[in-house]
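Take a look at the structures below.
Each of the next two complexes has chain A plus one more chain, namely chain B in the first and chain C in the second.
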Partner chain A sequence: MDKVMSNKKVIALYVLPALLLILAIVYIPIILTGYYGLMEWDGVSPMTFIGLDNYQLLLKDGEFWNSVQHSLFLAVVSALSLIAYLLVALVLSSQIKGSNLFRKIYLIPMLMSSVAVAQLWLKIYHPTNGVMNSMLNAIGIENPPLWLADTSIVLGAIFVPIIWQYAGFYILIYYAAFKNIPASLAEAARIDGASPWQIAIRIKLPLIAEVIKVTVVLAVVGSLKYFDLIYVMTGGGPNGASEVMASYMYHKAFRGFDFGYGSAIGFFLLIICLVFTWMIRKLTATKENIEYS
Partner chain B sequence: MRKTLLSIVLVLAMLTVLAACGNNNKANTNTEDNAKVPANDGAKVEEPAAEVAEDVTINFMHLWPAGGSPTQNQIVKKIIEEYQTANTNVTIKTEELENEQYKNKLKVLSASNQLPDIGVTWAAGFLEPYVKGKRFAPLDDMLQGNLNGKFVAGTTDAYAIDGVTYALPLELNIVPVYYNKELFANNNLEVPQTYAEFKNVVKTLSDNGVAPIALGNKDRWTGSLWYMYLADRFGGPETLKSAIDRSGTFEDPALIDAAKEIQELVKMNGFNKGFNGLSNDEGKAEFMNEQAAMYMMGTWELPNYTTNPDVAQEFKDKIGFFKFPTIDGGKGDLNSWVGGPGVGLFVSEDSKVKDEAKKFVEFFVEKWGEHSITEAGVIPATKVDTSTIELNQMYIDLLNELSNASNLTLFADVQMKPVAAETHLNMIQALFGNAVTPEEFAKKHEEALSAGK
Partner chain C sequence: MNTANTIELQAMGASKSSLMKRIILGFFYLLLVIIAILQVLPLVWLFFFSLKSNQEVFTLAPFVLPNPPRWENYVNVWTQGNISRYFMNSIWITVVSVALTVLLANFVTYAVTRMKWKLSSLVLGLFMVGLMIPVHSTLIPLFNLYDHLNLINHPLSIILSYVAFNLPITIMILLGFYMALPREVEEAAIVDGSSVNRMFFQIILPMTASVMSTTAIINMIYNWNEFIFVNTFISSDELKTLTVGVQNFIGQYSTDWGAIGATLMISVLPILLVFFLLSNKIVEGIAAGSVKG
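So, the complex of A and B:
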């Protein structure tokens, strides 16, 4: 069997289907998107080549940079919320009563489809009949905020369900990582007189550093290309106050019939995501890998 | 040795799979051929004409899924069944999508040149790119043929570009203001005849803690209706039309006044709370729950106030409508309406069964006219003889209004080209949200419209 696997042709045979699929579904469309970005194209009539005009327009487009700001803000918020998830996972993984139940409770939002989450939060945020404003009314606040209609708070209001939706996912990842650390390490530290806090900071966190890095990349890139809840809940509005890069791309391409420009935004989005991934890897790179042994 | 053996086995295995596929295909075509021959023979014996009628499949994509628009869905099914029984060689395959998804899918399909044989389209600006891209077939031959004189005058114009008609309208909608008679009576209010009276109604309702107007402006075109009426009543129907077709300007004082008036209404708390964050359905709910007293919407809402069995009769009895009042010193006329043809049917230019598809469209348009008003409460674009069918009084009133209409202004976002329409809709939301001044509002429109995209 080893001999078969070392035959280059056989390797090629096995790798080929997956390679072809990923080429056809991911890489070729990416190249095509870059190509469309150089075109003036309404999606229906023939394309005309306009060089880098779309990208020039993009650099000067105030609405686009607004959406970039919103996306970056979301990325920062999601990255910071990872700290909270770490704490929760730390508590859950130490054998407290009912940790199993809590783990499941945190995971449930992730099992719901984005549209269901959006509908749920639309009801919560409803200006007159919503749970939120009914509660605020009940405690005597007469003019509670109009969550999704007020341009100054809509962005914050929509981040809450986004963070809420993914909390369970990250908590689960951290929980599994903490559980993977051999109990003997913590035990040895305890015998040496380390406090639980010291064990957490000095032993457990360094041991799951690789996992944390991955989640930071996931959270940041996921936020940068985020689309679903924004699309369902506000459609980027009111007046672009909750527009993010992906929703702006969608509006330009599918609402404004400007597929050339939309493709340019899409390609730019890809570059931003790549740059951020690279930067995070670079910043968090450590010389030595800490291992359990 | 073993290595080569294994490779050979693998290659053989793959070859068999491929060969099997090939065989299957062959087998299929064979059986089809076999099946066709006797069928043709049989036809020859009985009726030589049937020989021409080959089996055709027509793909039809529409936006009335059984969940969202059950009555329309039923009508479509009925018409298709009727057609298929009359033409046994035709199979009509439908694909049903909800409005927004439908629009998106149509664009994607069009980009890859895979439009269905027949589909639903909107008028004017929506249609234009498809026509420019030569995706829709011209249908003038049908209008001059059997369908000549069947449509309400002028309704097909909105589907014509450079004098050629590319789709046939199914519905015709005008936009009245619906109001809740009980809420009006409770507040000692009467139907306003002038805009000053209308503002008084808004003020009284708002002072008494009733939301005067239900609006869901997340969808943006809903707010656009209000702006269009004000623009019409201030400047007359031509001002907005000429601003959009570029023979005039959007910085016309009447159009700026209309924008000012919108912000005035917002300042008076004329609309329900948080309207900019609510969808049309959520805004409508305020009216249906009797929390808001007025609601401006197209005649497609009529079933909710007349025939829809899901709405309580008690509520239906409370609802009336009035025409948007005129403004003192304005040029607009009380009988000028915002509205226009709703959706229409197109035939794909690249369809392989174009002639069959056209025949079906012709059949569909006529049957739709018969079914839609009595069953779905939709006002069809084809002429209706009100004397022969029994209709709810509200329909008769509106059909009469329609025949008295002095002007019909097509929805602004439909009149404009896609990029300008997007700007218009965003600006509407900004205007209602007090994020722009009326002057900026006009300037942004002027910029977008003169860019010509």
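So, the complex of A and C:
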């Protein structure tokens, strides 16, 4: 048995295609991004080595730090909205008729491409014909905001469709996690006189702590690297008011043809995503993992 | 059984505060229904304006259909633009990428969970860390790589990228299933003199049919909706997929609401259709993918 199952040729045959692919397309490029960051390069003519110039420039680039701020803001909003999703999932996983149908309906926006979501919300926010302002007009608000043209509210306006798209995803994950908890645990607590609220906070939440950690990482890292919808809806504008890290990188590289500088931003983006993953894991590390399955 | 007990227990306590409980339950349903409406309403509005002319978008109320509804909007965008070509490209590129990803991921998961070799946990770790790596950090080096291989404007550039970036999530979903497979089956097969290859293709793979279809659907949704790789690596109209094609098309016809609505509906419908047919599988797959991480 062991001999057959540790045949090196077979293992190589099974693992190498996928391994080579992920090395060539994911791992080597992220190393190269850091390396290209040391170059001055317009994408066409040969690169010239300029040392840490790009990275130094990055540290002083106000527009870049502006975009970092927006990305962090999105990360905080996404992480906080998880609390609401937890509450909804708690309600949904109690004795609710039709909970299966509800969670499926919630998931529908998640099935759309970011481009479709962005195009749809561009229309929703349309100053005159959009459904948002039509409805505001109908309830008597005469000068509704110009959602995406107003630098002070564009960022908030863009977060709404992002939350709209992902809410169902997180609610579904939490719902599945709550359903995974053996009913006997909650029952025992109920017999001991615990209220539903106490059962939720003291028993159910700690039991799905691992899942919550995973979703916090997903929400934060997902926000930090967020791109598609913002790129389509505002392109980072007006005047950089909705620029995020990834859209700034894309503009510098593929629109401004400054691939060296773009690579430096890409490398920074990678580092910040990995650091945040590590930090969240570290901060939420528990001494013992609760087992219940 | 457990749920039955819970309901019984609830019924026992219900007599005292049944009115209060009913009010709370009613409030819960109201909350869930409001969320459901918010999740679906934008799509309903999209459907309504896809059947209107520009004038009707402006003069009719948001949720009123014109008489007769303008179904010709759909016929027009399908026949006049390149939407039908984008549609076909999306289909074949999605099918090829999904098949490759699921096959390679099964190979790796099998080798990692069932076979004995020293580096198995390192290789698995490499795939799992891949989940946290932002696509944008690889974009510039990948563009350069494909440029040197003459793969810019070649479907292979997007297929390879899709497979590499979706391997981690696919392996993650498969992992839990493979770990739970009983070893006796393999032992018996080896005693009978079966080779690893025969065992994998004739015994293991058929057993994984259910989880494989789950991963296939998840991959399908990701690939169908992907934007940034196609937007960056493909410039010719012949090869664009629906997401990018829709984006370009709308850019050109930004004032024709009916055409935009119809185009968006066409891009969303295939996924919605799959969802209505296989929603249980999708829900299960999305939950499994994150909960087990």
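Going forward, the second predicted complex is superposed on the first by the 280 of 293 C-alpha atoms of A that agree within 3 Å, B and C clash if a C-alpha of one lies under 4 Å from a C-alpha of the other, contacts with A are read in each partner's own complex, and residues count from 1 in each chain.
The rule we apply is simple: a contact is a pair of C-beta atoms (placed from the backbone, for glycine too) under 8 Å apart; a residue touches a chain by one contact, two chains touch by 3 or more.
What you see is a predicted model; the values in this text were computed from it and never measured.
Look at A:F257: by the touch rule set out above, it reaches chain B but stays clear of chain C.
Using the contact criterion defined above for the overlaid structures, shared-chain residue A:V10 touches chain B and also reaches chain C. Looking at the shared chain after the overlay, A:T48 reaches neither chain B nor chain C. Once the two complexes are laid over each other on the shared chain, residue contacts for A:Y125 go to chain B alone; chain C is not touched. After overlaying the two complexes on the shared chain, residue contacts for A:G240 are found with chain B alone; chain C is out of touch.
In the superposition on chain A, A:F227 contacts chain C only, with no contact to chain B.
One of chain B and chain C touches more residues of chain A, and that partner is C. By the touch criterion defined above, A:S152 reaches neither chain B nor chain C. With the contact threshold set out at the top, residues 4, 7, 10, 13, 43, 128, 254, 259 of chain A are in contact with chain B in one structure and with chain C in the other. Chain A meets chain B in the complex at residues 3-4, 7, 9-10, 13, 42-46, 122, 125-128, 146-151, 154, 234-235, 237-240, 251, 254-259. By the touch criterion given at the top, residues 1-2, 4-8, 10-11, 13-15, 17-19, 21-22, 24-30, 32-33, 36, 43, 88, 91-92, 94-96, 102-116, 119-121, 123-124, 128-129, 131, 134-135, 164, 167-169, 172-173, 175-177, 180, 182-184, 186-187, 190-191, 211, 214-215, 217-218, 221, 224-225, 227-228, 232, 246, 249-250, 253-254, 259, 262-263, 266-267, 269-270, 273-274, 277 of chain A touch chain C in their complex.
Per the touch definition, chain B reaches chain A in the complex via residues 2-3, 6-7, 10, 104, 107, 110-111, 129-130, 132-133, 135, 217-218, 220, 272-278, 282, 286, 291, 418-419, 422, 426, 429-430, 433, 435, 453.
For chain C in complex with chain A, the residues that touch the partner chain are 2-3, 5-7, 9-10, 28-29, 31-32, 35-36, 38-40, 42-43, 45-46, 49, 57-58, 61-62, 104-105, 107-108, 110-112, 114-117, 123, 126-127, 130, 132-145, 160-161, 163-165, 167-168, 186-187, 190, 195-197, 200, 221, 224-228, 232, 243-244, 246-247, 250, 257, 260-261, 264, 267-268, 271-272, 275, 279, 282-283, 286-288, 290-291, 293.
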